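Below is the structure I would like to discuss, written out as structure tokens.
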Amino acid sequence: MTTLGWLVLGLPFAAAVVGFLLPQTATRSAQVLTVSATGVATVLSIIVATGAPVAGKPGVTLAPFGTLTVHAGLRLDGLATIVAVAVCVVALLVQFYSIAYLAGDDAYPRYAAQVSLFTAAMLDVVLAADLIQLLVGWEVMGICSYLLIGHYRDLPEARPAAVKAFLVTRVGDVGFLLGVLVLGVGIGSFDIGTVIAHAGSMPSGTLVTACLLLLLGVAGKSAQFPLHTWLPDAMAGPTPISALIHAATMVAAGIYVVARLYPVFRLHTVALAVLGVVAAITMLLGALAALGQDDLKRVLAWSTVSQIAYMSGALAVGAPVAATFHLLTHAAFKALLFLAAGCVLNATGEVLMSSMGGLRRRLPITFWTMTCGLAALVGLPPTSGFFSKDAVLGGAWEAARGHGGGPAWVGWLVGVAGLLTVGLTAAYATRLWLRTFFGPAHEPAAAHETGHAHGPGHVHGPWVVREPCWIMTVPLIVLAVPTVLLGFAGLRSSWLPARLDAPGVAVHPTLGIALVSLALSAGGIAWVVLAWRRAPGTDPVPALPVLTRAFYLDDVQDAVIVRPYRLLARIVSAADAGLVDGAVEGSGAGAGMLSRRLSRLQTGNVQFYATGVLAAAVLLAVAAVLL
Amino acid sequence: MILVGVLALPALGALLLALLPAHLDRSARWVGVAVTAATFLVSLALLDGRSSGAKGDWQHVDVRWVPAIDLRFHLGVDGISLPLVVLTTLLTLLCAIYTVHSLPAPGRAGTMLALVLVLEVGMVGTFLARDLLLFFVFFEVVLAPMYFLIAVWGGPQARHAATKFVLYTLLGSVLLLVGLLTVYAAAGTLDMVALAHAHGSGIARSTQGAAFLLLFAGLAVKSPLWPVHTWLPDAHTEAPTVGSVLLAGVLLKMGTYGLIRVALPIVPAGAERFAPLLAVLAVAGIGVGTLACFTQTDLKRLVAYSSVGHMGFVLLGISTLSEVGVQAALFGNIAHGVITSLLFFAVGGIKERFRTSEMAAIGGGLAKRLPRLGALLTLAAVASLGLPGLAGFWGEAFAVLAAYRPAASLDRTLYLTLAVLAAVGAALAAAYFLRMLRSVVAGPPPAAAQHAAAVPDASPVELLAWAPLALLGVVLGLYPALVLDLTKPAVALLVTALPG
Amino acid sequence: MHLALPVVLAALLFSIGVYGVLARRNAVLVLMAIELMLNAVNINLVAFDVWLRDTLHAGQSLTLFVIALAAAEVGIGLAIVLQVYRLRATVAIDDLDQLAEPSPEERR
Amino acid sequence: MSQLQRIDYAAVAPLIVVSGAAVAVLVADLFLPLGRRALSIWLALAGTVGALVTAVLAGTGPRRTFCVPGTTLPGGVRTGTSCSYVVDHFTVLLTVIFCVAAAVCLLLSVAPVAEDRLPAGEYGFLILCSLAGMITIAAARDLITIVVALEVLTLPVYVLAGLRRGDPRSAEAALKFFLVSVLSGAVTLFGVSLVYGLTGAVHLDRVAAALAQRQDLRHLSLTAAAVLLVVVGFAFKVSAVPFHWWAPDTYQGAPVPIAAFLATASKSAGFAGLLLVLLVAFRPYAFVWGPVLAVLAAATMTLGNLVALRQRHMVRLLAWSSVAQAGYLLVPLGVAAGSGGRSDGDLRTAGAATLAFLSLYVAMSLGAFACVAWVTRDKPGNAIEDYRGLVRRSPVVAVALAFFLLCLAGLPPGFAGLFAKVVVFRSALVGGAGVLALIMAVNTVIGLYYYLRVAALVFAGPAEAVRPAMALRAVAAGRPRSLAVAAAIGVTVIGTVVLGFAPQLVISAGNLAGLP
Amino acid sequence: MTAQDVVFGLLGVIALGSALLVVTTRNVVRAALWLVVTFGAVAGCYLVLTAELVAWVQVLIYIGAIVVLLLFGVMLTRAPIGPTDQVDSGNRRVAVLVGLATAAMLVTLVLQAFHSTYVTLDQPGTASLLGAAVFRSWVLPLEVLSVLLLTALVGAITLTRPTVGTAGSR
């Protein structure tokens, strides 16, 4: 089983390596290679997931650092394998989808290799038995996201977005690295099993520090406040990449790691409380910001921010199963939503909702699948989102009543924020739905937006809005299945909860909470629909700059971090060149000046020399007397 | 025998090349490749005689040279030396291969390769020497060839840069000599093995302190430690590619190697006393390197400044006086050697093509214009910013880890602060490398470039010279045990000398 | 006889010689002053020799040698002075500054 | 009182050979046809080689001769037999140094003598006479002989320095040299007279015995003053600051071979005298002269190096460099009396270190001068700028010059210089003079700057495009290559390389020679 | 205070006085003549000190040879016979300073060392004793001195020989 696990991890990696070495013209071979590798990996991951769990063994010695040793191994328990399946499935669909979406791209092999590497990195995070090994995957994802977001090099916003994505997550990663180190040093091992087993023996201060540091990394990777700023900008990448980042990889990694190390986090409530506060802020922030966006993908991106906060909220209130459950359902419906959005963009050549409308009839498959996705996002029964979100809110309620892992106030906080967010989610989802698919159809402009890959026929000539080819629609249909049905998997404790190492914790919807949240959803939907009715085709939500600009947090970040950093860099550079190097150059110049001064003594006048000699002789004699 | 061979081969090769008449310049390059390849193979043979877990030298040569000053020709190889020796011979080989492709003005491959080979003798000798004076002699051997390499084959300001380099490092090495002789005066022997075994016993604490400071000052210049680093950017900016590669790849390691090999085990009490100073300066170097890189406009200068930061991690690792720290430092040495060499090769390739290393003048879109070169530069930059999975990560992360838990006798709070600062510095290293990639590799090519004559992408010879480094960067990143297994026993032995 | 007399005489004569060397600019006069210094040495040597009753007569022997030496020096010295005079038409020693720092080319 | 002194002719054989050769050269010169006068130089060369061979053959018995019987000195100091002339390792090593230096200088002189119409016979004669003085000083063990020998070795050089007869600078150089030299000599003589008066002896061992045993002398300030006055003359010879004034001017004005002679042979003789006087006669007063010499050493190397930084004249540069090197040479002596201890062993080590450095210094300095002599033939101006691009005109000489400069800087591949420095640093640190070592460290760096500047210039491209016509003329004006200079370069290169890899040869010789 | 003290003192005063005139007179020829007086007085001192041979050698060589040489030098360099302002350099003040310092230092030290030392001048010195000493004990320096004198001779000739001879006419 371990060998299969290594294959799951290794196949995408091998595909990535080969893909990087392929000539950039070998598009076809790259497609075959990466899709088949990911496909096989998917099959294998399913086999592994259905097999018996394998506890992590130390495995290969990777880095013997004396008193500490890093191993490479696999931890194939239920949580890991089921998430791995989700990763593989989404990755496979993305690879498949990309064949069409990026047809004609001049750097396809590189792109496909990067996606494979991304997949491999995420699988490494999921399957790793060692924290450092996990960290490797964790950060490789960062660089892959950088490369993929910046894939369209002609798109002006792609480069800064890519840099931002990498840097912001990197800031979080410092915390993550330090957290891992603190844990590893404190316990004397990086093995996850050992860490979980012995974390309790660590001094509580150290442990809390480690957890908080890890949370910093989680916030970066999973786009939680205040490190969430990169995610909306990351839309500059190709849409399949957005699907990949938002659904199964990258943002999920943070949640996954907390779930993975949940026994450690549970030891002290401080970290969970912090996580809860962050989650509450983030989910409201994300939902509100989503309400103000015009860019279709940006709405989805902010919704991811908000939905991931549900998961972290669930973790904060001591409901890791709910978190994982939501992670899985979210993976399905968010992948679906993004891929569908990709179809929309591909069909219309537009990214702004204000330029869309009335696509319902022209893109029926997209419309219906996206409707499923949005329903799941809102949490309408019987879609999967309903169940998972309900589980999260139920967890919060349990906590609020004092039955959860964390303090009650965290439960209240998460629960109230979660309920509010339900309403907001319903509002922005409806807004998106209406503005994209209903209302008057916009005449597509010429392909003024150059960044996206268009079918060869789309670049020139009149724009024809039609359903994309089957390669792009099949993944939508495939994803629609779990989007709708996955929720039922949690109903019986022997199904999903058992796989998640939480036997007996079936995820039943709680009636009261379900009613409240449904009522809020309905309220949100009704508000938007009513506004839409009043003026079809226009934005049903007033465009508040504060929402559009996402509470100006980007500007805050710019003013508080980026600008001071630039200034500091300039000052340090100048000081280094002026003072430190100046001292060096100055000593050279000083020697030269001294040389000039001293050489004036050599006047050429022999009498002066004689004076020097005799005076020196007298001085020597006097010195001798004094000594 | 092999030990002598690995020194004699390049020495004889240098002699041969120096005597080669000028009209055979073309063949001189192949002679250079042959000699360096042979040296590389011989250096691999140094593994011979190693039993797993071997702690001391598994090969050594010890003959009298100048008995009057107790100088012995004492060489040895252990796990600490071997990786650096192999790195040296490999880089020299790659430099020789690269020279087949390109030779900066004013040409004369024979002379240049002769200098490179002399450089190799000095570098390898430094890593193999087991006699303090012999160590110093080899340490000095590199100065003159490097000076001429920069001054003659370098850029417009080469003379100034080369002079600065040579004077600065000479100041360092003279202080080193003073330190070594202080040890000698106190201990009465120059035998590094015996001195290391003695763990500083027989040398008064105050003497140890003075000796460590002197050794430290000398080696710090070479490493280079902030604030004695300013020769480095100048030298790198002006040096020819081969010079930059060897300078960054190996020469800097001589400083850190010296600290590990000489300063730590021989005067441990001094090391203990001044380790916090070293740590603080190392972290300052990380900060300055990171911040200064952010404002650089010249590629070579940027890479040079990044070296200051990276070597800061190595020095931080050393300053922890712990096994993990020293292991991290040794690995960081190798990793930096591999990655920065690759960076300099790539940047050198760019400079050769565009006749400038100013980022603004090069313009963006390298990935489109020269995909292979762009990819290599990207890989090198990514590896250099310490991405896990590539070689740069291990040394830096574990240096931070070592600083989190330094030797027991050191001030924990100080080191904790430094560990955090270093970690932040590591993260910010990403900022300037991404800035570089963003302005050079990514983006559309400048409009002018589309009309200009096509610039050729990396040639097969260049790829041959560069690929091993790229490969090593990945392999060491995925399987660092390759080096760490070698160094571990030797470091364990060394660490027994350290306090705490 | 008091030994202080000859040694003080020598010391003073030496000092006068020192003054002469440093104050005179005519090379021949400088040579004369040097002779005064050598004479001072000789007075010392003879006085010590006599006082010590040196059986080896080292002092007086050295005095003889110094006298010979002085003669030789004056001979060579005058030859050099004449050479300078021939080429530069001066014997003023402070006029000789073709060899100096900074070098004449720089001073110009 | 004994009968006439018995003379060990084997001991004085080198002296006889040199003196005889000197006379022979002078006489032969009269009979040589005008065109063949250069033969005189070769004859003189044969004389130096003969002296070298006899010195080595005569061995290091040690042979003592010109002895006086034991006696009781004033103050009741009893002494045994003392000898004025002793041949031991010290003497032989220095004799070899002198002879080699003189031989190389003669080789360098062949061409100038022939071409500048210098009187060859007299030239050879004077060099040999000076050499005779040097050999004497190395063997002398009493102050009288040392003083006389010092004069013998200096006096011919006044003449030689002024030998470029049409050149006022040459005369100026000679006069400056002469005046400062005579003045320092007078001071030394005064010191000698005082030492004689205080101790009642002139033999070095007797002076040492008196100084060591007589406590009354310790209480006299005059003793210490006398000791230092004696040092002045030698400090002048080795051109230690502040007695260095003459050196740059004289080196520049004198013919290049004579500058080389001054910088090597003459300086070595100065060190021979200094070592003898300090380490033998004044050994008990190390506490007086030690610190003074340490200060002198520091001042000498610092001033020498700093002023050398801005030289534009090659010989002048080498002159200042030789001043600086004298500073390094003085370090062991300054250290020996430092805090590290004043035992005889320390002083022996110090002497050995100085001798070792001296041997290496002479080798590399001669080489540098030989290269300069080569270039002088084409570019008599000797401006440093003339050395630009030498590698294209004379590649071998260019490489050799760079090598010698690196040697002087103490940087590999100049191993000779490197080991020379190591020896001195070692003596400084073993002696506990860390501060002096640090001063020297800084000086080494300053020194490297100017040596390397020239070395790089040698390989540099042309400053501006030289017009072909000018270049052609320059080549046309070039004088025929001198085989003798080439031989000198060859000999010095081989010697320096050998000494570089086997410094043991001179270091152990220095140890052996570490004085009685 | 013995008669010898008195005589020596007088001779000493003469020597010092004339020496002062040597270094201060503005007439070059007179300086040479005052030098003769100094040398003579010093020779007298030697006689008082019973060093006859030295005294006569002093007279012979210093007065007979050296002063003559110096006078030749004066004439050959066409120095003005009368007084002139050209004899002193601008270095006079410094010279006074150094001279006084030297005198002060030497006299102090010498007096401190020899303030109560007396010489008994009972044995009349004979030339034969000194000669014997020179030839018995100081043969080496004597021989070396011969080289010196020869060198001086050859050197002086070499330097002053008017024509350039060796290589003939070029």
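So that you can tell them apart, the chains are marked A, B, C, D and E in the order they are listed, and the count of residues begins at 1 in each.
By definition in this document, a residue touches a chain if its C-beta (ideal position, glycine included) is under 8 Å from a C-beta of that chain, and two chains touch if they have at least 3 such contacts.
Just so it is clear, the structure is predicted and the values come from calculations on it, not from any experiment.
The chains in contact with chain A and with chain D alike are B, C, E. Nearest to the global CA centroid, when each chain is reduced to the mean of its CA atoms, is chain B. The greatest centre-to-centre distance from chain B, using averaged C-alpha positions, is reached by E. With chains reduced to the mean position of their C-alpha atoms, the one farthest from chain D is A. Chain B and chain D have Cα centroids separated by 43 Å. Once the centre of each chain is set as its mean CA position, chain B and chain E turn out to be 70 Å apart. Computed from the mean C-alpha positions, the centre of chain B lies at a distance of 62 Å from the centre of chain C.
Taking each chain's centre as the mean of its C-alpha atoms, chain A lies 36 Å from chain B.
The multi-chain contact residues of chain D, meaning those touching 2 or more other chains, are 1, 68, 144, 147-148, 151, 155, 158-159, 162, 165, 174-176, 179, 183, 194, 197, 221, 225, 248-249, 307, 310, 449. Annotation for chain C: residues 7, 10, 14, 17-18, 21-22, 25, 27, 47, 49, 51, 55-56, 58, 61, 65, 69, 72-73, 76, 79-81, 83, 93-94, 96, 98-102 touch two or more other chains. Touching of two or more other chains is recorded for residues 599, 602, 604, 606-608, 610-611, 614, 621-622, 625 of chain A.
Contact annotation for chain pairs lists A-B, A-C, A-D, A-E, B-D, C-D, C-E, D-E, with touch applied as defined.
For chain C in complex with chain A, the touching residues are 18, 21-22, 25, 93-94, 96-102. Listed in rising order, the residues of chain A touching chain C in the complex are 599-608, 610-611, 614.
On the side of chain D, the complex with chain A involves touching residues 175-176, 179-180, 183-184, 187, 221, 224-225, 227-229, 231-232, 236, 242-243, 245-246, 248-249, 287-289, 291-292, 303, 306-310, 446, 449.
Interface residues of chain E, counted against chain D in their complex, comprise 105, 109-110, 112-114, 132-133, 135-141, 144-145, 147-148, 150-152, 154-159, 161, 164-168, 170.
On chain A, the positions that touch chain B within their shared complex are 20, 24, 61-68, 70, 107, 110, 121, 132, 135-140, 142-143, 146-147, 150, 153-154, 159-160, 162-163, 166-167, 170-171, 173-174, 177-178, 181-182, 184-185, 565-566, 568-570, 572-573, 576, 580-581, 584-585, 588.
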